[in-house]
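Before anything else, here is the set of structures, which you'll find just below.
The following pair of complexes shares a single chain, chain A, combined with chain B in the former and chain C in the latter.
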Partner chain A sequence: RLTQVRWSRYGPDYLEPEVNKEVYRKPGQELSEEEKMEQDLKALQPIKAAPCNVTSSLFSDPTISKFINMMMKGGNKVLARSIMSQTLEAVKRKQVEKYHQASEEERESIECNPYVIFHQALKNCQPIIGISNIKKGGKTYQVPTPLTDNRKRFLAMKWLITECREHKHYRIFMHEKLSQELLQAFNNEGPVIKRKHDIHKMAEANRAYAHYRWW
Partner chain B sequence: MLRRVKGLICQGPKLDPGCFLQARAWLSAAANQGAQIPEERLRMIFRTHESNPANHSEQHEGQHYSIPLQEVKVVFPHGLPRRFQAQMKTFNEACLMVRRPALELLGYLKSTNFAHPAVRYIIYGEKGTGKTMTLCHAVHYCAKQDWLVLHIPDAHLWVKNRTELLPSSYHKERFDQPLEASTWLKNFKVSNERFLKEIKTQRTYVWSKRESTEMGSPLGEVVEQGVTRVKNASDAVGVVLKELKTQCLLGSFRLLVAVDGVNALWGRSTLRKKDKSAISPEELTLVHNLRKMVMNDWNGGAIVTTLSQTGSLFKPRSAYLPHELLGKEGFDTLDPFVPIQVPNYSQREFESCYQYYLDRKWLQHEKVCTEEGREELLFLSNSNPWQLERISASL
Partner chain C sequence: MAVAVRRVLRASRSWRAALGGQERWRAETLRLICTTTAVQKRNVPASGPEKYTEAFIKKQIEEFNLGKRHLANMMGEDPETFTQEDIDKAIAYLFPSGLFEKRARPVMKHPNDIFPKQRAMQWGEDHRPFHFLFYTGKQSFYSLMHEIYGKMLDIQKYQDQLKAQDLDEKKQINLIGSRWLIKEELEEMLVEKLSDHDYSLCIRLLERLVTLPCCGIEEEYVLKFRKELDTQLKKVVIEPLQYDDQGVAFSTGEGKRKTSRATVIVYDNGNGKITVNGIDYLHYFPVIQDREQLMFPFQFLGRLGKHNMVCTVLGGGSSSQAGAIRLASARALCSFVTENEAEFMRQAGLLTYDPRNKERKKPGQEGARRKFTWKKR
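This part shows the complex of A and B:
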């Protein structure tokens, strides 16, 4: 008999917590019918406890939290978070220095916000089409497959982190390596973008086998 | 439009000093009346054009003044905190905030009586409140007023980090630290070139069989000797300190002794002798000579020191008062001193720092320019300058 090992201890009637302060600040008249129904439900139904990494802070970002979780080793969230903040600081420092030394016309084109750079770099690294191994007639073929949004995001973050961990010198700090990679990805250059293009080329080359996919 | 308005409002110092605290209510009230008060006027209040510390007064409180980078290289070859140096490099300018403890200290320095023994000032406060920056403000003032500045950036660095320890040639039981002494002498040379040529030694000093400095030769030669012959560097430092102390009484120059982390001189050290027994700071030449310098048995200058828990050894993090950090021996030695406490940022100073970071494009997150972002920053940092800087680095 099979039993689940990892399963939620909450019953089916528990609702997710709403952490965003803006939602509660809307006056009653602006709410639509559905939102009014939801609020009435929340007054009566039990609500799950909010996890530790979710805050009502204005500066929290779910993508950044995911990236921190992926960078974490051995449950050391403190270290992973500090590396992330040092990376953002390094990216910002480089860009602000360039900004202050540039002339008036160049200043408008320099992007100083590390969050914008992070999101744009991640978007640039996401592959459009993926590859999966399908075994047919004893041979394994690399078949082009569509990818969901979550999978794309995961692949982009995974490639960034493995690139920094494995292909760079181990004595350089992680935040320096990461900030360099992020800036390169933001400008559509660098090894991670190259890897994405390799996947695309492979998918294009194996176009003939696309009909092997049955899902 | 922006530049023209800024040009019109160069009268930062002439603005009403009390207006800042009520600025928000004032602006909203004025906006209700429909008056055209530009947002730029509020923002300019965080900067002042007065770059000479001698002219700073209460009306400049909370405002940032900038020091030209060329001057920074001469006045502060060492002594500025590392994060501030990184900030200087990023923003391409060096801006210090004028705060009340610094103004108090400058007032005392302006009214020193040079015939009386040197007064000792101890700047103390909790971690990260701006003690080193207050010290740097005072050093800048004295450098502008043409005093001879003896700035020891961090006395804790002299009692930790085992590098080389040579047994002293001058005194049998003491230990020399050639590396630290030679770096300090190099930086001392950069900041006080002019005085090194004018001040002459009053005794002959024999360094070895073939090298000696004659009586009446300029102090620059002693410094050169220490820099080139690294073995004699600590003794050169001792000679420089002794000469300056004896000659300051004659009155040809004013001397400022600025020591950061003075509690290192009376604490414990992590250095050990070859047989692994601990060395007390008393047995180090540099510390021994510096202790003599910090005594108030000379006149013609002032001694400004800072207590620091951050680099200190074997002291708990919550200790910040003079009695806790100096210990009995240190407190008794420094006993008649003027304490200056440095608190966290006030409302006005926090607002000024926040506006400065916004102006220099350091606070980049979209939500940080809103009211709620500002309140969250205030809450997270508790108006502590160090915390604020660390938090705003990643935002």
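This part shows the complex of A and C:
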């Protein structure tokens, strides 16, 4: 099957690599017919090389890699990665402290896994509906528009990062501020969640102009 | 001839209707990026008398075979088992040429490879064309489309017959292991130029035919348009294990990425020590990401602490050296591991050479993609 390839060093029939080990663990009998067909097809097609920030270990996470890339400035991946690991460590420390200081009943509800907190915080920050500027009759209106999943994830991460960069005292470290923001977003509070709610309110207010959208 | 016209165009809801309402002009053309664009030629069926008659081509073939035997005698080889490769080597030896353009050097090939395939005269002595679709300009293409549509109608008739007899058979064609012919191959088959749009129409019609439940009847006809694919894993050469003095199994691998070249020796019965250019990997790669890449093949196979590795890397930066070592170690590990696991490694992207390189800077731009600042005046 021919695909639209704008410009890539790989040819058009190269498939994406599947790094997850669990996919290859399944024995032959448990596969359904469709999966068997897919496997046969895959055996005949060339596959791209795995990118350099991806491994099959438990510690590599696509969302976290994306977040690190977005935080990176000037190609300094080492710094971005260290900030990320320090953030996760700070989140874990805060949660463990809270855990030890809490009473017996509250201990079950406290989440200590920093990865879970990160994912939940991102999910809480994702807007449901977006705003786009549409020019009509000389005036620019803010029209509510639907967003794709990728766009939602991107906006959540972008808001987190800009929030941490701009609204912090210069003496506070980035990882410290980020961990504060993540914990606040996990509990549905904080400036990022407020920004998300602002967008929602503006979309609701401009509901009358929704028909200006033509796509 | 009128009968032929009526027979082929029998449902004048023709193959165009079979393609459904998707027959809108598609702005995006689907084609393989890897091939070069073909030069546009004049209308092939309407070309005049043939440049090379059949008799001429036959004579060329006889002369070629005779010349091949003479050449074999001259080189002292056996005329019966003289292959095309031997001919090429002999000609390069006898007529050494310093020309840079390979296509300008002396060549001795079978006339079928040299003279382009062309058609016989399309019209008779009374100047009336033989084929009834001659005046469409693409006679073989349109006749092919009508033929395929005719086959589709036959299959539908067969299905109706089965239904009338209350039988429910389904014969599907097995398409796994083959691909549709690319545009160039189809052009070669029809001896006629095709446009991208025509080619995509043809492929869509064939796919439509293949989706019918009883298409097994026309299997051999459809397989004419399919080409067999080899399993990709066969292209990867897996070397057997070697054993050194103490009886420890080891295997070598080579890998490259960007400008780095790495050679790796993976020893069995180890404790997970990795030495790069004589330095321990912890000191050579201070960045965690590079060390994760070194670990990747072992972690994927679950053999983290079981092998020792000695590597030499030259060129490139830290990331590209790590990538080169990763490829080399994955190739070396193929010899320690079963075929299935090697296939899994290939599907995880461990055994492919990464072709991405620094993109060249273009004239009129500041970098590969960045343009100069736009100034209004």
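As a convention for this text, the second predicted complex is superposed on the first by the 209 of 215 C-alpha atoms of A that agree within 3 Å, B and C clash if a C-alpha of one lies under 4 Å from a C-alpha of the other, contacts with A are read in each partner's own complex, and residues count from 1 in each chain.
The working rule: contacts are C-beta pairs under 8 Å (C-beta built on N, C-alpha and C of every residue); 3 or more make two chains touch, one makes a residue touch a chain.
Predicted model, so just to flag it, every value in this text is computed and none were measured.
Asks: Evaluate whether chain B and chain C can sit on chain A together after superposition, giving fit or clash.
Replies: Superposition result for chain B and chain C: fit.
Asks: May I ask you to decide whether A:Ala49 touches chain B, chain C, both, or neither, giving the answer as first, second, both or neither?
Replies: second
Asks: Looking at chain A, which partner touches more of its residues: chain C or chain B?
Replies: Tallying touched residues of chain A, the top partner is C.
Asks: Identify the partner contact of A:Tyr10: answer first if only chain B is touched, second if only chain C is, both if each is, neither if none is.
Replies: The second partner, chain C, only.
Asks: For A:Gln101, using the defined touch cut-off, is the partner it touches chain B, chain C, both, or neither? Pick first, second, both or neither.
Replies: first
Asks: Using the superposition on chain A described above, determine whether A:Pro114 touches chain B (first), chain C (second), both, or neither.
Replies: first
Asks: I'd like to know which partner A:Glu18 touches here: chain B for first, chain C for second, both or neither.
Replies: second
Asks: Write the angle, vertex at the C-alpha centre of chain A, between the C-alpha centres of chain B and chain C, to the nearest 10 degrees.
Replies: Between chain B and chain C, as viewed from chain A: 110 degrees.
Asks: Shortest C-alpha to C-alpha distance from chain B to chain C once the two structures are superposed, in angstrom?
Replies: 6
Asks: Once the two structures are fitted together, what part of chain A is touched by chain B and by chain C alike?
Replies: Residues common to the chain A contacts of chain C and of chain B are 57, listed in rising order.
Asks: Mind pulling up the chain A residues that touch chain C in the complex?
Replies: It is residues 2-5, 7-12, 17-19, 21, 24, 37, 40-50, 52-53, 55-57, 60, 77-78, 81 of chain A that touch chain C.
Asks: Can you list the chain B residues touching chain A in their complex?
Replies: Counting only chain B, the residues touching chain A are 86, 89-92, 360-362, 364-368, 370, 372-373, 376, 393-395.
Asks: Taking the touch rule as given, give the residues of chain C at its contact with chain A in the complex, in rising order.
Replies: 28, 30-34, 176-177, 229-233, 287-289, 292-293, 295-296, 299-300, 319, 322-323, 327, 343-344, 346-350, 352-357
Asks: Note which residues of chain A are touching chain B in the complex, please.
Replies: Contact set of chain A toward chain B: 57-59, 84-86, 88-89, 92-93, 96-97, 99-101, 112-115.
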